[in-house]
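If you scroll down you'll find the structure; I have some questions about it.
To keep things simple, chains are lettered A, B and C as they appear, and every chain counts its residues starting from 1.
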Amino acid sequence: MAQTEKYVLNMGPQHPSTHGVLQVQVELDGEKIVGAKPVMGYLHRGIEKLMESRTYAQCVPYTDRLDYVSAMNNNLGFCMAVEKLAAIEVPERAEYIRVICAELNRIASHHVFIGSLTNDLGSATGMIYAFRDREKILDLFNIICGARMTAHYIRIGGVAADAQEEFLRGAQEFIDYVPAMLDEYDRIFTGNEIFQARMQGTSIITRETALKHGMSGPNIRASGVDYDIRKIDKYGAYGKFDFEIPVGKQGDNWDRYIVRLKEIQQSANIIQQALDNMPEGPVMAKVPKVLRPPKGDAYHRVENTRGELGFYIVSDGSTKPYRVHIRRPSFVNLQALDGMCQGMLLADAVTAFATIDPLMGEVDC
Amino acid sequence: MGTYFEKENLDLLKAQFDTAEYDPEQAEPAIYIGKNQLLDMMKVLRENPTYSFDRMANLTAVDYKEYFEMVYSLYSRRFDKWVTVKVKLEHDNPEVESMTQIWEGTNFEERETYDLMGITFLHHPDLRRILMPDNYEAHPLRKDFVPLEPRIEGGVLTWHKQKSMS
Amino acid sequence: MHSGIIYSAAQGLREVLMSLVGIPIIVDIIMTIICASILLVIMATSALVFTLGERKICAFIQVRIGPNRVGPGGLLQSVADMLKLMDKEDIVPKGIDKWLWVLSPILLLVPSALIYAFFPFDDGVILADVNVGLFLLIAITSQTVLPFLMGGYASNSKYSLIGGMRTVAQMLGYEVPMVFALMGIVMLTGSLKMSAIVEAQSNVWFIVLQPLAFLIYIVTALVESNRPPFNLVEGESEIIAGPFTEYTGMRWALFFLAEFSNLMCIGILTTTLFLGGWHGPDFLPGFCWFWIKTFICVLFYQWVGWTFPRLRIDTMLSFGWKVLLPVALINVLLTGVGIYIYNIM
């Protein structure tokens, strides 16, 4: 009997497919993975600390840099937490625009997911197709706020400026394009035999494990848990729209992919409803120039593209937050990585990184 | 957002744990609990079928200069209910029971709190720094934090207290 | 006995040389040197052309524009790349096995250059038309495993080592079905001589007589040349670049060159073995047909490569051993039966 020895392969922080600067120490037995230990902190900028020395309005741009592929959702989470703390009512039109932007950004973020997943599976072609379509959304953001990724569009009390006719028309055009886009994805990769073989039945997260690790977002929904904060909390204008929560069956890589594909469809559905019922009116509440929320604390969560994004803000009555804590979904989700990789092959580890979809800006914060 | 934990239930908890208290004036009062009874109360909150707070939504610590405060936001998926649990810890050598014993998914969040706030979690399976370098000796989120100075000694990045901070 | 422009040109050149030098052996040597240099030039230029071609085709498939800055329409892009690669710093990592590490890219280029000697480019245009041509060809191409393994082992990097080991595993798994698939052709031809194989296809191409073997060959050829979806050896999202992770500059360029040379080799081999080689309607000379077919084959391989995701090592190996090998054996059996029936009739 040949003697074999386990060895540790250090993947990252400089590796083509670790999604930024994630470092994973993979313990291998041949090509089989025994364990995978994520090592984080390469992108730690101390955003929580930085926020303590900024006024509330100045904190918003920092949230752009958390999950930088879905900046709008982060803006939304932080602003809603501050609004909760300071009891600010947001005008209805602003709520609708917020939903449109957040959902567009969710689609854009899922494009990045699809792109990086297909790239990690060895098909660079898929990536380009996904990024081509993401570009359309980024262009829309460019119209509405002048920035493509770090939007800083959703502000405390509303949105920075009213949505232009051009933006609304562009959003409508994009929504009309979504079915054709999804159909194309189906033909390029979803229907591909190799793609399916690589994804189906690999890196399973069971329902119990997902709940145990406190996972959220598409990752927990793929494991069959019907948990979407948009639906549960009905924050903002989400209570007014009718949409479904796609849920997976067994929680393998394939389910995590399919759930996100279906989410794109549902997001498009939400945007369509928001565009159709868009009310008129102001887009900014009366917020004092110098915002001093009353003493106290508030925790508010929103459904980020990666899951439950929570902001815990403590106010001491001054213009700056006393303490901000950000509950980052990717950070919590990463705990499942070890279990997902065990018993899989090296190639599956890469798929697992991709489908759990961590974003290092958010993980390291 | 779902509803907040009812005051009747808070009273029940108060009767069960002598260190538990809350401010009845507030609309959504947090339960303060002594750190020795924290683990027991959390177990009740999680396992009692009328509460069933199965999700540790958020876990963090706040430095109030005189003391630390651990803040736990619990959420019950079944009843769509919230409750906030707070524990005060002394500023020197803050220690608290690890919640990984009840919610395994708090592992990383507790490591982060340990790393950035310097709170030791007892019975944590793997309490190491998670974001800061392993040889970093300060806790950045504390209010009295002074950034350490990086220096390369013998090819290794080391961190030193700044000499003058006038 | 042979027709064709290149053959006649070579014949003419030989006569001129003969009248100048007069000693047959020296003329032979000079002719061989000339032919070999022409082949090397073809190899080198084709790598340049193919890099650009591949990038343009890949860009077309990926709804991009591709290189369009250097020269008219980006034509000089590969030249610029080559210059850039030559200019790059030659990084030699610590802890490597120096000799093996240095030799690996050079040795890799040897077999991929060597096999050009066995390709019949046109009627009578073949550098070494040996009796065991096909056999030698297979033997030489399988030598590419060794430099990969050497590079992987010598680099002192786990990624490289995994890549090197994967090469061995996949070569073992796919060399066997490939040989058995080609066996059908040899049985039909009754010879291992490359020119004889092409000659046997003057009426019917072997793709018609050996469809199964053709399919098996396409798959195994992709594996042999490390093209996607079988590019596990250098699976860039898992093991970065496999055996050539630690190579830079010109050393890396040699790997790159060998890869493109291999791609062209499988194109040429597909043409020669299954698509009738230089045979074609008379309005174009034989070598034109040869290159047209080769380019179509290469285009096909690139198309496949840019469309599919990468396979996983276990699925790939089990596919080789459990599907391709039995099918190849059945193909041999069917061919034998077919030949027997044909002979009876």
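In this text, a residue touches a chain if its C-beta (ideal position, glycine included) is under 8 Å from a C-beta of that chain, and two chains touch if they have at least 3 such contacts.
All figures in this text were calculated on a predicted structure; none of them were measured in a lab.
Asker: Chains as vertices, touching pairs as edges: which of line, ring, star, complete or other describes this one?
Answerer: line
Asker: Which chain is the middle one, judged by CA centres?
Answerer: Smallest centre-to-centre distance to the global C-alpha mean: chain A.
Asker: Taking each chain's centre as the mean position of its Cα atoms, how many Å separate subunit B from subunit C?
Answerer: 63
Asker: Between subunit A and subunit B, what's the gap in Å when you average each chain's C-alpha atoms?
Answerer: 25
Asker: Centroid of subunit A to centroid of subunit C, CA atoms only: how many Å?
Answerer: Whole-Å distance between the two chain centres: 45.
Asker: Could you pull out which subunit A residues touch subunit B in their complex?
Answerer: 40-41, 44, 46, 48-49, 211-215, 227, 232-233, 235, 297, 299-301, 308, 310, 312, 314, 322-323, 325, 327, 331-332, 334-335, 364-365
Asker: Please name which positions on subunit C make contact with subunit A in the complex.
Answerer: Listed in rising order, the residues of subunit C that touch subunit A are 58, 61-64, 158-159, 162, 228-229, 231-232, 235-240, 306-315.
Asker: Show me the residue ranges of subunit B that touch subunit A in the complex, using the header's touch definition.
Answerer: 1-2, 54-58, 60, 62-63, 71, 73, 77, 80, 84, 103-109, 112, 116, 129-133, 140-141, 145
Asker: Any idea which subunit A residues touch subunit C in the complex?
Answerer: Touch list, subunit A to subunit C: 7, 9, 15-17, 31, 118-126, 128-129, 132, 189, 192, 194-195, 197-198, 345-350.
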